[in-house]
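Sharing a structure, written as structure tokens. Questions coming.
Chain naming follows the written order as A, B and C, and within any one chain the residues start at number 1.
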Amino acid sequence: MAFPTTDIPPVAIARIEKNQLTFFQLVWLRYKRHKMAVAGIFSLILLVLYAIVGTAFTTEAYSNVTDTSIRLRPPSYEHPFGTDTVGRDILSRTIYGGQISLMIGLIAMAVEVVVGVLIGAIAGYYGGIIDSLLMRFTEAMFNIPQIPLLLVLGKLLADKVPPLNLFGREFSGSVIIIIAVIGLTSWMGLARIVRANFLSLKEQEFVTAAHCLGTRNGPIIFGHILPNTMAPIIVSATLGVANAIISEAYVSFLGVGVRPPTATWGNMLNGAFQYIESAPWLWIFPGLLIVLTVLSINFIGDGLRDALDPHSLVGSE
Amino acid sequence: MDPLLEVRNLKVQFNTLEGVVHAVNGVSFQLEKGKTMGIVGESGCGKSVTMLSVMRLIKEPPGRITEGEVLFQEQDLLKLAKSSMHDIRGAKIAMVFQDPMTSLNPVLTIGHQISEALVVHSGIGKEEAYKKTLDLLEMVGIPQANERYKDYPHQFSGGMRQRVMIAIGLSCKPDILIADEPTTALDVTIQAQIVELTKKLQAQFGMAVIWITHDLGVVAEIADRMIVMYAGYMVEEADVYQIYENPRHPYTLSLLKSLPRVDRKKHDRLANIQGSPPDCIQMPPGCPFRPRCGFGVERCAEENPGLMTVAEGHKMACWVDVTTGRTR
Amino acid sequence: MNTSQVLVQVRGLKKYFPITRGILIQRQVGAIRAVDDVSFDIYRGETLGLVGESGCGKTTTGRTLIQLYRPTAGQVLYDGVDLTREKGQSLRNKRRKIQMIFQDPYASLNPRWTISRIIGEPLRVHKIITGRKAQEERVQELLELVGLDPCHTNRYPHEFSGGQRQRIGVARALASDPEFLVCDEPISALDVSIQAQVVNLLEDLQDKFGLTYLFIAHDLSMVRHICNRVAVMYLGVIVEMSDQDEVYDHPQHPYTKALLSAVPIPDPRATRARQRVILEGDVPSPSNPPAGCRFHPRCPIAGEECRMDVPIWREAAPGHWVACHKV
């Protein structure tokens, strides 16, 4: 019986016939299922545009112009959001304040992510005594209450840092302090998650294969393992922005955060405290902006968390 | 004699993000009382899904049994109410799975799990169930049954756990035992033990066995009749001696030629089957094996061959006669 | 095949994994003796099979040989150089010629890397080829060598089937121009119809490049087909070693006999006609191996000396080594 041996010719036998969805396409498909998460993206884009594009219509100087003769005016044609206690236009202050608040959110998040990932990765990868030390340190940091620390350091240090000049704007030096304190006190949760992922990922066979090939530890940590643990980092970073914005608002509201004349949504609330009922436009607009921003970010973060869920991702068969 | 179990034209689909998976495409067979049927195929061929559908264990959605009948003791199992099916599962038809670690509850003692099956299905009291459980444990070759009754699954080795699964399966003296890759995860010497055990218990209780596997060696050991599946289709069915001595479908033929044998010297390269098993989502028209088949003719791309009888009790699905090379 | 040239010499290799207790301070309370005094040679150009069931230590032997685990004791001489004494960059350099192929094609490739990056990794790590274009060309060459389409370099592992992924693993191993490949159960996780493809590929590559293989597997049928010599392991020691046909046709050690009789044969007449030796019980734990001959609790012919003395490794017939009191 003649049996045709179907052997493999040396070239080009194994073709991939169908087009597979890429990772990002798959994530987006799953993300779209959450209507609120998609709405969150839109509203965040709008808010960011508000803070950026708004500068075309007004200047920073204008937002700091005080004119006590028009103080505490309700919303009108010249001042669509009204004026504050020293006659500054609230609309333009929310625009410039928005820039600061968002910037604080982003940079504090960056600090948090860098510190958290580094500590988590090194602890998880090397294990042993390094892991013990880093984790005890992390636990100790967990015990530090963020808000009181912010309050104390904000009060003590904020005045001591000179103002900066960036992107053509002048900021109070307190911005740096706030960013640093928020960033350096919110990384611990991320460090734990990253460490846990590293502990399990470093046992995976592709890491063993990399060791076998002679790859050194640095490229293994950052080239091999880290890209496989992006999901919790992305989610944590997203929610970290919201957390930073709220923390800043909290502290500035109490008067020990970002110092005037630099506006942030938070310290605009500080001035509004006495006039809660009599001049509600002082706190409604910045308050609303904070709420909208934080809500949008939270929805996005939730949507991302579900979309990136490794258990349902078709990445393995 | 009437067959104990008859499956007619079973078709099962799954709805997934990537499309509809046609997992089972028209499987039909008969199982005689006391006989062993082997269902052989590679991953994704639909062998497990077939028997899970017979047991109505497929989650719907995303699964769906679109067609077919499963006749058992004058009832169509596919049309039974869930509660009636509940009475049949475990009591009349039992199933043993591949990974005993996930089939056994890790927080309950194995004694409890065996007794539970007895109490639920036979309606006997706890005392009696306890005694029967000890008997069962001895029967499946677990020594010191009264001590091991109180042990938890993690305290048993893989082979032992599989014996426990068999004990649970046999506790109510079912008519049919379905074993879904029961020894795939076990070492070869332990596998031999389990195969011997199954043969012994089958002789003792006279039950029918359906043994699902990808291992053509194990099937040769234990089966009376055999079905070969590919991409959800049945491609060959015959008496086990016939299939190994006279395989008629190109897939079966190629598969047998690609297997090395422990009892023969190496003399040749292993015959190769090019390509990979398909994923059953976008199947091209015609025969599912055509992309990998060395015997293909034009008709294979156009029309799907159904099962044809080529000899007494020997069916296969192919347009080409592999013995002569001629098309039907 | 030139049998007189020894490429790898393993002498007295031991790998113990400590079992520790304690929360703050870890004390060692025992050890899993995964590899317990294993010695063998591998000749240039041959394929040595290392077989055994789970827990016998074959995978650990392979990984310890390649220094993925540092041995607890013993030597591994590769081309005359003792790898156990090397560290760091020096070890990496000497190990360049030894590569490994892994069992799980789904886990051994980084799911976030394109296969171009995966296969090119050795080129970058050992600075064999610099420059993206040259690297890419070499990657395409390697893909062709293993029978894959070279235009798929920008795809991700999940887009390939198990057999194809295994070939990618082989391509990656070949990138550093190795002499010696440790194949750790390379086909166990593949479908039956694909196993022959990968085995044929490995044989072709061996012929083409004069490679030497250590083939670790539990599938005795496949080992018979591909290996020139076979060593059988049980609970951390080698119990029998010989040429491929010798061990299968004339097994000496009782464990080998039982193992061979348990291997299913895809032929109902042959398999049902066989005399089975069914072993009792389970494989004991490597943390507490039996005294004397490790196999004695399950051995059908165990005697008094088997319980007390460790059997000596000796040549029962030319080229056929066994460790058993009864042979």
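Keep this in mind: a contact is a pair of C-beta atoms (placed from the backbone, for glycine too) under 8 Å apart; a residue touches a chain by one contact, two chains touch by 3 or more.
Because the structure is predicted, anything quoted here is derived from the model rather than measured.
J.: If you average all the Cα positions, which chain's own average lands nearest?
T.: C
J.: Would you kindly say which chain has the C-alpha centre located farthest from the C-alpha centre of chain A?
T.: If we average the C-alpha coordinates per chain, B ends up farthest from chain A.
J.: Report the inter-chain centroid distance for chain B and chain C in whole angstrom, where each centroid is the mean of the CA atoms.
T.: 32
J.: So, what's the distance in Å between the C-alpha centres of chain B and chain A?
T.: Comparing mean C-alpha positions, chain B is 53 Å from chain A.
J.: Roughly how far is chain A from chain C, going centre to centre by Cα mean, in whole Å?
T.: Averaging C-alpha atoms per chain gives centres 48 Å apart.
J.: Residues touching two or more other chains, restricted to chain A: which are they?
T.: 7-8, 13-14, 314
J.: Could you say which residues in chain B touch two or more other chains, in rising order?
T.: Those would be 254, 269, 271-274, 276, 292.
J.: Considering chain C alone, which of its residues make contact with at least two other chains?
T.: Touching at least two other chains: 161-164, 197, 200.
J.: Okay, in this complex, where on chain A does chain C touch?
T.: Those in contact with chain C are residues 7-16, 20, 22-23, 204-206, 208-216, 219, 224, 227-228, 314-317.
J.: Under the stated contact criterion, what part of chain B meets chain C in this complex?
T.: Those in contact with chain C are residues 42-43, 157, 159-160, 187-193, 196, 214-218, 220-221, 240-241, 244, 254-256, 258-266, 269-274, 276-277, 292.
J.: With touch defined as at the start, can you tell me which chain C residues reach chain B in the complex?
T.: So the residues of chain C touching chain B come out as 53-54, 161-164, 191-197, 199-200, 203, 218, 220-222, 224-226, 244-245, 248, 258-272, 276, 278-279, 282-283.
J.: Residue numbers of chain C touching chain A in their complex, please.
T.: Going through chain C, the ones touching chain A are 66, 68, 92, 95-96, 99-100, 102-104, 106-113, 121-122, 125-126, 144-145, 147-150, 152, 155-156, 158-164, 167, 169, 172, 176, 197, 200-201.
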